Amino acid sequence: MSGAAVAAASGPVIPHYGTSDSCVLHNGAFCWHWFAQNWGSLFQPKLIQHVELTVIALVIGFAISFVLALAAHRRRWLAPPVTFVTSLLYTIPSLAAFEILVPITGLGSLTIEIPLISYTLLVLFTNTLAGLSGVSAEVRDAATGIGLTRRQMLTRVELPLALPTIVAGIRVATVTIISLATVAAYVGNEGLGQLIFDALHSNDFNTQFLGAGGLAILLALVADGFLVLTQRQLTPWATARRPV
Amino acid sequence: MNEPPTTNTAAAPLEMRDVTKRYPGAKTAAVDRLCLEVPAGEICVLVGPSGCGKTTAMRLVNRMIELTSGDILIDGVTVLKRDPSDLRREIGYVIQQIGLFPHITISANVGVVPQLLGWHKERIARRSADLLQLVGLPEEMGSRFPGQLSGGQRQRVGVARALAADPPLMLMDEPFGAIDPINREHLQNEFLRLQSAIRKTVVFVTHDIDEAIKMGDRIAILREGGELVQYDTPNEILAHPADDFVARFVGADRGLKRLALTRLADLDLIAAPCVRPGQPIGSVRNQLLPGTGVVLVDTDGHPLGEVPPDRLADGRVTDSDARTIGQTVTTAFTMREALSLMMTDSLRPLLVLDGEGRVAGYVSIELINRTLHDEAQHARRGSATGTR
Amino acid sequence: MSAFSAAFTFVIHNGHLLLTKTETHLAISFEAILISVVLGVPLGVVLGHIHKGSFLAINVSNVGRALPSLALLSVLLPVVGISRTNVIITLVVLAFPPVLTNSYVAVEQVDSDVVEAAKGMGMRTSEVIRKVELPLALPLIFAGIRTAAVFVVATATLAGVFGGGGLGDILFNEPSYKLSGVIGSSYVLVVLALAFQVMFKGLELAVTPRGLRKQPRLVPPQVVEPSVLQPAA
């Protein structure tokens, strides 16, 4: 375990033992009182930071993947090289990626965001492209036959039909980002992971572990669930299953 | 076609006694007190509209579905007392989508049941090779994989696989249904030829009445609700449908369908007036049929031409009098095909040749009519004993 | 850029250290992978064979995939404490879902006509699974194991967060090993991940029966290439 030097360098937030709360003193499993007290000063800001990190990575990652997928949809030869590059980026363990970037981009948001974004490019690109290609030839044929232009076909037919697959990709990307962002706190003092590392390096305070970890897990599950519901709202036809 | 397989267990008779299958919560039974007997070595076709329970009934035999009540006996032994897996290893099973195992070779596919039964490797390999030959596939196909075969080829492998352990009974569920019509006819003909050599007891399910008529020694017509409406030979069903349902199911053209059942070879053809060139025609003058002339033949009986009635004034005929004969048929043609051809020529009698091209006789519309009438009489008398 | 070359130097000069750390890292990884496989494959195969439990098999994967690894580790700390066991449990929880889901889907999606024919020919349940469903399902099952394995080897680094062993010991310990050490261990980690990817892909190809090799995949991938997860929950 690293010493106080590291703790000091990363600016820890030491729990306030002001009240003689026996739970806190004995490092009980989870001290609600303490948690509620420190919500505003400790947990909430980090949670918001975490969400910010996630949303930025998601939006940028999706934007890049979407453009690439549209291009590969039109020009098939683009698919293999793009897939190769994105899977390479995917295979590099994120932790390693964070560390390798530190000399280049220092400690901070950028170091976190770049691996987050590149890690999800594979999923978002693959799924968006798969969703678009998955639209059957007959449907495309009928659309052209009615007189839709390529752009109209894209916006009115292909994209709506591809939506379930695309959202599936966004779901995976989102939870992946949330998970990686937690670890990324190691190279940047942001997000819920920060609280976890602090607790590890200073006081092993159970409530902090459970609080921060639990919040991250909840965030991931809520985001996942939210996206599922959104997808069902947008595409009622997709989830209706034929009885087998 | 080819030599029969090396082993040849006797075919077993099948009996269904009050076989019933009722699914929980369903208003009507899937199969309702089905009673029928299939003599050993015969093909019994279960046919009917969708939902009539024909496939269910078939699958009750090998206990892929369990009986609600009643009994099924193979060679007198009830299936209920046997272990299902053991039972199935003694029954050949062919389904519409075939279900070949894509991960093993054709040869291994054919040898699955023998392997389950514990045969020696060499015996299995020989058996596979024999069977592939029997169903008309080249030997080297044994080392290919199902993914590399066409639909028709795969279907043949399916039949070979079902025959591998030489079972006394075969169950076939729309085996040719997924094949295109041309190949389907080939496969049907080949199976019939195979059956004439190996004589298995077969339960064959189809929704196609024409296939039923072609393949079946006996046909069982089922109605929705699993009810047996008529169980008889094809000829009897076509001649005397039991009720409106059967009549509608076999189709309004059942008369024509009956004609397809008999080949000219089986008929007592009308004797054709034949003379050799230079022979007097007096002897055959009274054999002349309206609309036809005298047939000129060579010493072997091969037709050389036909002398129309207006040229028969003098007693003899020569080559120069003869005109070439128009349409002829052979004894392999069915009555239906003969009738069809006669209709293109104002129903003139048609000259029939035998397998070697010699004159066998004439077929006329009157002969066909008489034959149908006689057949119906005979069938009614014979149906009690169940003979064709 | 000097940091990168310094890292290379670190790797060259600390071969023994890195080797020891890698050994521990691999030990942790293989233990977690083994446990997930032993738990996940039989369960998935059985559920897939009886065609039941799809809700469980698919959604366990959805939930499991969502769990942030460090957070999970963190949440387990009050329970299991700071230990190797904590890491193993976390890794198993994260690796189990793709193994389970892939095993389930792989067996469940075996062509029902093939299974029907197998049963109809007189194969008992165990024979159907052993001779028909498993051989056909193995490629996809191994794809799931591959997904899990690559993920495990990357995440096992977390053990180093509290000195539990493995390459993370170096990667999370900048004070002792400096940036060059941290990046150097990252290099090794990348190589390990790629090696796992290649090794398990090779295994996957090795278990594909000959008859299936020229065929297109049994299940068209909807999500990231190695695993198969359905779009709608």
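The first chain written gets the first letter, and so on, giving A, B and C; residue counts start at 1 in each chain.
Everything that follows uses one rule, which is that a contact is a pair of C-beta atoms (placed from the backbone, for glycine too) under 8 Å apart; a residue touches a chain by one contact, two chains touch by 3 or more.
If you're wondering where the values come from, they're calculated on a predicted model, not measured in any experiment.
> Go through A-C and B-C and name the pair with more C-beta contacts between its chains.
Counting C-beta pairs in contact, A-C comes out ahead.
> I'd like the most central chain, judged by C-alpha centroids against the all-protein C-alpha centroid.
The most central chain here turns out to be C.
> Which one of the chains is farthest from chain B, going by Cα centres?
Centre of mass proxy via C-alpha means gives A as farthest from chain B.
> Quick check: how many Å separate the C-alpha centres of chain A and chain B?
66
> Express in whole angstrom the distance between the two chain centres, defined as the mean CA positions of chain A and chain C.
The mean C-alpha positions of chain A and chain C differ by 20 Å.
> Quick one: chain B and chain C, Cα centre-to-centre, how many Å?
Distance between chain centres: 57 Å.
> Using the touch definition up top, name the residues of chain C that touch chain A in the complex.
Contacts found on chain C: 1-4, 62-63, 65-75, 77-78, 82, 150, 153-154, 157-158, 161-163, 168, 171-176, 179, 182-183, 185-187, 189-190, 193-194, 197, 220-225, 229-233.
> Which bits of chain A are touching chain C when the two form their complex?
Against chain C, chain A makes touches at 1-3, 5-6, 29-30, 87, 90-97, 99-100, 102-103, 122-123, 126-127, 130, 164-165, 167-169, 171-172, 175, 178-183, 186, 192-193, 196-197, 199-200, 204, 206, 209-210, 212-217, 220-221, 223-224, 228, 231-232, 238-239.
> Would you mind writing out the residues of chain B in touch with chain C in their complex?
Going through chain B, the ones touching chain C are 62, 64, 84-91, 93, 95, 97-105, 112-113, 116, 145-148, 158, 161, 171.
> Can you check the complex and tell me which residues of chain C touch chain B?
Per the stated touch rule, the residues are 111, 113-124, 127, 132, 135-136, 209-212, 214-215.
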